[in-house]
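Below are the structure tokens for one structure; questions will follow.
When the chains are written out, they are named A, B, C and D in that same order, and each has its own residue count from 1.
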């Protein structure tokens, strides 16, 4: 097994997940459900057919946002501002896509770029406050989420509102400026895949259900790994995360590393916001991005994956599958989908307890 | 805008925050970074309503709230202390767990989703109703429940406790340097466990004040970020009692004023962001002053 | 919620935008769909979303995969999704309740919307006649045009009978706009302190907080969606309610009968799709304070008749922008 | 009056047999020294005695009665007191609070401050310490901290006092004062166990000395009947050249030029106009009682402490206000004082720890891109050259012993081929074998023409390695003297600020 797989699928994680499965099974039995069929429903509902598509659709932005957080967390900076940066990016991307003239692809690229820029600027505030006013990034980044959401909300209400919709949202983005599916059902590649593998095959569903956001996030993943392992600043961030005093003593420009990593992380969060807007919502909806819960899931994933990019992918998929599987369970059994939240929380809790280690190390 | 009404409104917003602040302060002082406050509070809010609804007794609701907070906190403490789990991750897990569990239990026990409100839920009596005729502070005092009184009295009590008692000395020491405490036979794990569990009781009471203090009902996730507010305030003030109260008061005042801003035609978004903007303003002002002082020294 | 399947009749799936909880409105959608299905000899299922775009999507996906006779969606949260999925699945029939997307409605989609503003206007008439301070107010969840259907029309109705009336509208906002009773109460107290003695509560799960405030300050409150008067007898005057059951049954029947879709139908006082508690057959046992004021009720009926006849036209705040 | 006996104590950690059947007797009134290389098992043995670590087997007897300690509380009750290598003090608390912590005089739930102060004051005066009872401990110099630690143990009525490397951070004068206290304690019938790496100290203060190697007792001597040579041979299993003076090399041009360097504000001067020069091929020592500005000087030279006035010139570049990064680019290498806090990243592997600072230049970097294979090769090269004992370059540095971790820092800094090395306490807490190796590296660096400023609290280290010594007192240069002509006694006087006739340095 490769290093990342071992890191993520360590014994501890496996034990934690198994234990969670058992605990929840007991809970289910106690309330009169058959755990085996409930779990089968969850698995089928999240890992096959349309369910798999839903899971993957969620995984893409969750992984994207996790990678964004990876940058600051690796440098030892607790950036809790992912949500605000995500929303700012989504709003900026939507405005660009709605107003910029030009061919679709160019506008899409410009939207992503503007989203990156806007969110990076927003993410630049906490390090600035830290450098000049000693305000911990942890605090300010969290605080800034609220004005970010309020600002975009007000912008929509005051200037951008679609007059024809009862949604508190901007106008809809023109079809040519949307990020489409990898292989749209009617298109050439779409038909080719459907002909080759059958119209209901998993591959057909996935390629028609997943948008070109997927390769964008894959590129972000590659970029993250590249920065971490192949750029001097990536090594410096790593050391900064391990021991800031060592970094300072070996000539690392700490302020710069923090600033750069916050900026990159912010830019990525912004891009992900624009991706969701352009590939799924097709407009900026007030409360639409923060309401997805992606930012919260990403925070969990980055903490559990300990800022490792591949950990983000695996854990991101796992949590997305849990959420989607939880909905399938609710549809089928009328069980509260909050059970899947309980499952998530238990997994995190138990993983953190590192049950495979001895209890008292003396 | 700064009327008696605002003051009463401020008091109502502040009392649960103060109780939660005391809870967080204790954890902070024993050196455990606790972001599970939101979970403590939500668990308490639910247990208070559940206890009150099932028994028809408000104070039994308070007991239930304290107990539930203690249980949640003990689980958190075990993870942090004996398993040396990352308090950040555990805290988030606890918050998530409580949010899921309260919603699930609301559905499983009371067959309700969203808001739970029945006449069986007894609110906390107002213990200082007699004082409500006083000028200026009257309306504010009049709304106080027993927990509200506790919140206000808890602050000076906390200072005395930390500064003057043997226990206070020890748990401050545990927070400053657990290794040193242990070398003197003060087991930091035990002290931390007890303190965090007690902080859970306070956090649960903060939730009870929220759900039985000014309203008598439970709504899913009704803590609505108040735990984070307290975490912020603790970080900002590094756990000093006076400044902590100050920041919480600024926050609650900005919230109360923010609500009133709407009546002057300002957008609701400004009321939403007002407490956070006010807190940011505090950070900036404090930062600039600190900076100024540093430059004088250099 | 899986009623016995395989009955052979038409199957319907009802998808909410958020957990039903004590949201009486969404609950009404469920019972309405169930009753309509039964009346049409079929069955129904309910998929509850959890207030995220993703959960709504995966519920629609799952529903489409089950190929029911019709999929019933509710609230404006489905404005975009209803069109997207209706266009992607032209053979599947959709119904959207309580909202309608802008532009042309696809042929396999039918909308049923309410004229809440007509019922709210009637509540305003009551408030205008009951107020002693000549001040009324509304505490609503979110500052969007949709919620102004209640707040603006309430003020309009009050002014129609008492031109001196001034009006305050506050919004909960924040992290949990439709489920924060503490904040809703705070806002209601603020309205009351500003002198309003009639407060219209449009905050979903937060309404309980508004009623508490009404009890404390002696103000009178007005509820929405269902009869909320029993929550604080004596303090709640009346409610603006929506008869979702009527609307769902109407639209599903139209599908089963194969009538053409692509329509948007508005249900107001005339259609008895939206009304106030005091005008329903349950009025007598409603515990609503208005029942003690027959003279005011007469004025309400009068206004209702004028609206139905078109003599009074209550504007739709959503259309107004 | 307690007679302490340890019998056959054995303790293993995963993969290490830390204590292997250790037996030890300490009668009342004896000062007993423990000596041994890093990792020999001294601290482990004491942790067992003090109830912090449970032995796998073996017995502890006090006055012939077998005792078993589940916690330090038990050990304290039995009359044991321990002064740890790293002080266990609460910086925010006052001296009194620190001393009574865990055994407070109380009135109900409250701390009886008056009684606490009275009792602590009595003990403190009885031993001539005269501690500032109500000062926050964080504001006190290390020598005083040590006394607070001892009073802590005495307050608990310790009959057996354990001190783990108590002199590592003390000046010779402070150490001398400590020895006097230890001897008076012994004279009063208490026993003292004393751990040190310094042979001359051991011989000066102890009655008997036990030598540990690889977790076993090699020998126990009466100090009168042994020699440094014998002990060091028993510790290491080989002969060590102790205290050999290294011959001076060729002196080249000026590399570091510090001119009237000032640090601090008007009301609190940390450095008051320090001037010094270091030439190529020269090693200059900085001596002084802790708190007299040596660490401030080092911090200012490294760029961590802002400068108020004066200039620092490195190889002709003015770096007075430059950041650490620019100084390093100009030719600074720096071995920081505290390897755990500032010198290494315990969670990182040797590749990262050794690559840092080398990573912005070839061969680790090529056209802006890091080369992982070159980084690994670089780490392997340094590990081999400096003889760091480590399983693999990918091993976490936190698992290394202190000496090896120190070698890693030395390797990283000397591996950079700079013109100037700032070495702070390069051998603190390192065993004799590793000291020898590190001294060898420093000397080789100088011979290659490097300039070294060596800040050390070990006078012998300075005298044996350096060409010149700068003595600091209250933030100023007290003297700048040739290392081979000055005596320890003279240095001691200079460090105490008593300059009979301050000598001018040859320039």
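Quick note on the criterion: contacts are C-beta pairs under 8 Å (C-beta built on N, C-alpha and C of every residue); 3 or more make two chains touch, one makes a residue touch a chain.
Chain labels with UniProt names: A, B = ABC transporter permease; D = ABC transporter ATP-binding protein.
The structure displayed is predicted, hence computed values, not measured ones.
J.: Work out which chains are contact partners of both chain B (ABC transporter permease) and chain C.
T.: A
J.: Where centres are the averaged C-alpha coordinates, which chain has the largest centre distance to chain C?
T.: D
J.: Give the chain pair, either A-C or A-B, that is connected by more C-beta contacts.
T.: Higher C-beta contact count between the two pairs: A-B.
J.: Go ahead and note the Å separation of the Cα centroids belonging to chain A (ABC transporter permease) and chain B (ABC transporter permease).
T.: Computed from C-alpha means, the inter-chain centre distance equals 30 Å.
J.: Can you check how far apart chain A (ABC transporter permease) and chain C are, centre to centre, with Cα atoms defining each centre and the answer in Å?
T.: 35
J.: Which whole number of Å gives the spacing of the CA centres of chain A (ABC transporter permease) and chain D?
T.: 48
J.: Per the centroid of Cα atoms for each chain, what is the distance between chain C and chain D, given in Å?
T.: 76
J.: For chain A (ABC transporter permease), jot down the residues that touch at least 2 other chains.
T.: Counting only residues that touch two or more other chains, chain A (ABC transporter permease) contributes 157.
J.: Among the residues of chain D, pick out those that touch two or more other chains and give their numbers.
T.: Counting only residues that touch two or more other chains, chain D contributes 52.
J.: Provide the list of chain B (ABC transporter permease) residues touching at least two other chains, using ranges where the numbers run on.
T.: As it turns out, chain B (ABC transporter permease) has residues touching two or more other chains at 113, 267, 269, 272.
J.: Mind giving me all the chain pairs that touch?
T.: Inter-chain contacts occur between A-B, A-C, A-D, B-C, B-D.
J.: Which stretch or stretches of chain A (ABC transporter permease) touch chain D in the complex?
T.: That would be residues 229-232, 234-236, 238-239, 242-243, 245-253, 362 of chain A (ABC transporter permease).
J.: For chain D, which residues count as touching chain A (ABC transporter permease) in their complex?
T.: Residues 52-54, 302, 304, 323-325, 327-329, 334, 336, 341-348, 352, 355-357, 359-360, 365, 368-370, 372, 412 of chain D touch chain A (ABC transporter permease) in their complex.
J.: In their complex, what parts of chain B (ABC transporter permease) are in touch with chain D?
T.: It is residues 164-167, 169-170, 172-173, 176-177, 179-187, 297-298 of chain B (ABC transporter permease) that touch chain D.
J.: What residues of chain B (ABC transporter permease) sit close enough to touch chain C in their complex?
T.: Result: residues 3, 5, 9, 12-13, 112-117, 210, 214-217, 219-222, 224-225, 256, 259-260, 262-263, 267-269, 271-272 of chain B (ABC transporter permease) touch chain C.
J.: Can you name the residues of chain B (ABC transporter permease) that touch chain A (ABC transporter permease) in the complex?
T.: Touch list, chain B (ABC transporter permease) to chain A (ABC transporter permease): 75, 79, 82-86, 88-90, 92-94, 96-97, 99-101, 103-104, 107-108, 113, 228, 232, 235-236, 267, 269-270, 272-273, 275-277, 279-280, 283-284, 286-288, 290-291.
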